[in-house]
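Some notes on the structure that comes next.
For clarity, chains are labelled A, B, C, D and E in written order, and residue numbers in each chain start from 1.
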Amino acid sequence: MTRQTRIALWGLLVPLAILALWQVAAMLQRTPLFPGPGKVALAIWANYPVILRELGITLLRAVVGFGLAAVTMIPLGIFLGRVRVIGRVLEPLMDMLATLPPPAIIPLVMLFAGTGDGAKVVIIAYAAAVPLLMNTYEASHSIHPMLSRVARSLHLSRFETMRLIDLPSSLPMIATGARLAIASSLLVSVTSEMLLATNGIGTFLQRSQETFKIDAGLAGIAFISLAGIIVNAGVFRLEKNWLFWHYRDQRPAE
Amino acid sequence: MIPGIAVLAEKFRVPICIALVLGVWQIVFVLGVVNEKYFPSIPTIAVAFGQMLTDGSVIAAWATTFLRALIGLIGAALLGVALAIVSDLSPILSRGIRYVSDVLQPIPPAAFVPMAVFMLGLGSKLYAFVIILVTVWPPYLNGVAALAGVGPVQLNTGRMFGLTNWGLLWRVKLPAALPEIFTGIRYAATISLIAVIVSEMLAGRDGIGFMIFKKAFAMRTPEVFGLMFLVAINGVLLNGLVNLLRRGLTGWHMRMMERSE
Amino acid sequence: AEDAKLTVAYFLADSMLPALYAQEKGYFTEAGLDAEFIAVQGGPAVVSAVAAGEADVGYAAPVPPINGRLNGVPVKMFLQLSQEVAPDKTYTWLVASGASGIKDLAGVKGKKIGFNANGGLCELMWRDHLATVGLTMDDVETVVLPFPEQEAALEQGNLDATCTINPFHASMGGNANLGAVEIATGTLADLSTPLMNDALFASEDWLAANGETAIKLAQVMDRARKELLADRTALEGAAVQFMELTPEAAKSFSLPIVNESMVITAADVQRILDAMVKTGMHPGPLDGAEFVSELKY
Amino acid sequence: MTGILTASDVGKSYGSGDTRMAIIDGLNLSIAKGEFVSLVGPSGCGKTTLLMCLSGLLSPNLGKVGFKGQVVTAPPIGLSVVFQDYSRSLLPWKTNLDNVLFGMRRVTGMDAAQKKARALEILEAVGLPGFAGHYPWQVSGGMQQRVAIARGIASQSELLLLDEPLAAVDAQTRADMQDLLLDLAKRFDQTCVLVTHDVEEAVYMADRVLVLGPRPTRVVREIVVDLPKPRDQISTREAPAFLHARHEVMELIRSMRQGKALS
Amino acid sequence: MTGILTASDVGKSYGSGDTRMAIIDGLNLSIAKGEFVSLVGPSGCGKTTLLMCLSGLLSPNLGKVGFKGQVVTAPPIGLSVVFQDYSRSLLPWKTNLDNVLFGMRRVTGMDAAQKKARALEILEAVGLPGFAGHYPWQVSGGMQQRVAIARGIASQSELLLLDEPLAAVDAQTRADMQDLLLDLAKRFDQTCVLVTHDVEEAVYMADRVLVLGPRPTRVVREIVVDLPKPRDQISTREAPAFLHARHEVMELIRSMRQGKALS
């Protein structure tokens, strides 16, 4: 067994401990409104065909929303970080827009985009945009001045500098932003389905809660979490492949 | 000339940004894309907001919400950084915490509320739970990445001068990682406000979230938007506080970055 | 003796106004109750709060507590605050937008309909009315949307028809752009006799141990209702204060009260249960007596 | 003034108000096309700052810098810098080869394959065959410095500004690199400005040595090195003119000493 | 073996599998208490890697390092390193003074005020009076390097490992710093290991010069410098024993040349 797998396996103890605590708490409560992991597992078994169908819808929207945010916000963040004056002046704007709670902007978005997929994707993209923009902006804002000098002395145009210097050196922090953005696009995908319910896991959860089948709702959510785990594992892989220069550079060579 | 304008613009950036938002809003209004009933003009909103101000209820609600968000942010930031530190010290716990964060992060707080009510009631504990649950992740994730990214020469320097793992963390890694951690805290500041508003909507008796909820039910749209603008301003305020702290703790970094032309 | 504690979780609706008014006036304290009111989003959340013991008493439409009990949450209803009866005392409406082209219930087929929550009164209402023209929920597309957002959704064409209550219904009526068409009214199609429209409920254990408190609660509510019904100025003031109505809107506000008595009988609930079974919301059979704790105050 | 690179009455300071510190004050220089000029001066006197001003990376507070008759406000095309802080100036996400290729972005008249071949050739010339695929953080300090030089050379600029480019390499490699730089400069008619702390190196490489004074700095002495080119590591260093120039520079620098013994 | 610092059969490689590269192979050395030893060797041969192994910051794959009779597995107390990558080894969030004070963390027998006074004294000795309150990124490369040396000196370690500590300072400052280091080593009976590319410096400073071979490196020659101490910048450098040792080291390094001319 390699060191990595050992760490992975021992690490599993943490979530298992939490599951155990949850199970104990559920057994103490004895009400269908507080199901334990066991009940949720049974509910997964009972509901998985429906869940899988709804899950696809939820995920698709999350992916589209995230993608939209990524292709717009990473370039924008780099632009604002590099063209410092504009970035500094617009900082409060970022804070203002970032603070609006999705439940409060949903009615507003609905006015322009309706209640269908369009509206939900817009809201998801909005939620994913914030961490991506902030991390990209801060990263490109704090690139070591030496690299800017290299770029200028090699006569890179502004655009080339952003693409060839700012983007790669910001990647480690963008990756963190992307992790946050992935989580929040899944979360908001579900939330938007709960608030503008038509279909998807959020609607399934909402309906389950309203008819007091909490375990079924959580079963649906468990799948969202699973999707989160899988996507994050993928991001981890990408980080290893693309950012080794950042992390290997840093670690004392063994 | 140009630098003069830039300096001036930076000095008045908050009013500029507010004017920008209001301006765009008003333009959309004038274009008449949607019924004024759902999308009122800025003057209408201002008048409605002014009326709310005069009866004083807004101030109290604002104070409640802002205080909650601030306390939530402090709690979440401390917890998030603590988790990052623990992760840095132990690879096993690091992995374990990452599993938990991967699982919990995408779950909307509303999914927990029916259950959380059993453990935490409808009061401040429920709020704290919801706020912490969504707000810890940015400081935690930025913290983990930043601590892992501290350079080998700096680490070696610390080790050389007799720092233990703990001392290394405290005196080298944490200061070096702080600028990046603050990016997480900044994002957390905005989320914490969102979380407070959402929990006030979920089970409320006071605060801006509850007020928005009630006004919406009474179809007082201008007031609802007025309150939303207030929330937005809160974001700037809260961030101003974060920036003060940040300047104190990582001022060196800000000045180092300003050096290049 | 010390005041008895009483926590009430409620879903904001106009028939709760007397309770909030009584709280403001100190009637609960006078009656020896230390009452607290917490607004919760949606009936099911009210049931959760009661089941968790976080609230002693809950206020919601009848369907959430019914559903709760059916799913193992031992609550019973003990007071009703409002009723509907044909022809003029109805407080729920099905409204279509002019642009949708819907003229009557039959026209809803294949359209997008809205209601505020699954498993609530609105769902029952749609099901019951659609059944009169031979339609089921499979014949329509549904969107769950909070009441305040429905009017805009109708006007923007995101919804064709929806289930609504006041003040939203009144607002839709006054919106010329919308060209609202009223296609039905009343929770059930048959409203020849008064139908309970909401309920105060509590867990069986609480009711067994706190009969006294429940009676005091009823008495205070009764006092406040009577006072508000008698005093128009007080009513409008309360509507502005607790429901955030504008003073103009408050002028046309009235409490949705049909029966003076708030007592619930098994028969009251049975009507709703039968409708639920008939429209396929529950397989049945269901016995109304199970759900009620009759309270004499 | 004529010359490919000129500085007239250049002044530069850091900070403002109380913390303002003048670094360069009334500095003039003119460098002719094809000339090799060495700059020496005490540590911290402002050499790096001067190179930044000459390259257009910093703008002086006073005076003007001209390159090919044009006032320099941003780094002009045809000018390259090899930075003193070599380890930070290499891009850690690019291999050494890609770092060198990065310096060739503005080179015209070669296709990608030719550029690559050329870059490999240069890497070999600086003594790094077999390290093209390594990342900068995988090689030693002296090797990094040579990658940075390779990048500067590869850019084929008319004017090369070198800031202590050989500080971290061993004596023999250093000699080889010196000859390499001289050879290339001659072959491509390149103008070079070299900052170095090694007085022998300064003299060996240069047609002219400019000695800078302590902060705020300006040119305090110009020493023309009257030695034929090409130079030779052994015979040149033994020539009287070399020894004479070396001595003169040494003396000057000694007279500007700072520091004092620890009691 | 005896000696305050010993390395026996040390081997170290980077990477694994196909990309495995041996850096040090079967290296032995022993350094006596109070001795000043210079290490020279071609760029990239493994000097920095060796110092890391000697200081316990890297663990060798093979063999053992001993400090005061104990096997080194982590940086031992009483040993300090001045790193080659000075600009990164200074903590950017601390002022120069605080960086030096950081080096005094383990110094006992002084209270905070005394430490501060001592640190200021050392900063002045390295020629940086008036820069105590500056941050490392506000001073020039050579000044940074001197802050790093000041920090090393301030630690009052028995054994000081110096990795090209004077590469970025001018000739005069360099001479002053050399004498300062020699003086301190003598006064506090300090043992020093100095990596340098300046052969003159290596000889001038050392009781013994160890010449390292190309990668994978080991000690290929040991040259005892038979010159009295204290040394003198003028007379020592003119002494025949000096010139002889210098010549021998030069020759050795020349014979290990890498690189070749650019065609």
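By definition in this document, a contact is a pair of C-beta atoms (placed from the backbone, for glycine too) under 8 Å apart; a residue touches a chain by one contact, two chains touch by 3 or more.
None of the values given here were measured: they were computed from a predicted structure.
Counting steps between touching chains, the shortest path from chain B to chain E takes 1.
Just count the C-beta contacts per chain pair and the biggest one is A-B. Averaged C-alpha coordinates give centres for chain A and chain B that are 16 Å from one another. One simple way to say how far apart two chains are is to compare their mean CA positions; for chain B and chain D this gives 48 Å. Note: centroid distance chain B to chain C, computed from Cα atoms, is 37 Å. The mean-CA centres of chain C and chain E are about 83 angstrom from one another, to the nearest whole unit.
Residue positions of chain A with contacts to 2 or more other chains are 31, 33, 107, 111, 149, 209, 246, 249, 252-253. Of all residues in chain D, those that touch two or more other chains are 57, 85, 88. Residue numbers of chain C whose C-beta contacts span two or more other chains: 44, 48, 51-52, 146, 148, 152, 156. Within the complex, the chain D residues that touch chain A are 52, 55-57, 74-75, 77, 79-81, 83, 85, 88-89, 91-93, 102-103, 105-106, 135, 137, 155.
The residues of chain C lying in touch with chain A in their complex are 42-44, 47-48, 51-52, 64, 67-68, 70-73, 117-120, 141-146, 148-149, 152-153, 156-159.
Those residues of chain D lying in contact with chain E across their complex are 14, 40-44, 46-48, 84-85, 87-88, 121-122, 124-128, 138-143, 146, 164, 167-174, 176-177, 179-180, 183-184, 197-199, 250, 253-254, 256-263. Interface of chain A with chain C (complex): residues 31-33, 106-107, 110-111, 114-116, 195-198, 203, 206-207, 209-213.
Partner chain E is touched in their complex by these residues of chain B: 151, 153-154, 156-157, 159-163, 171-172, 175-176, 178, 250, 252-253, 255-256, 259.
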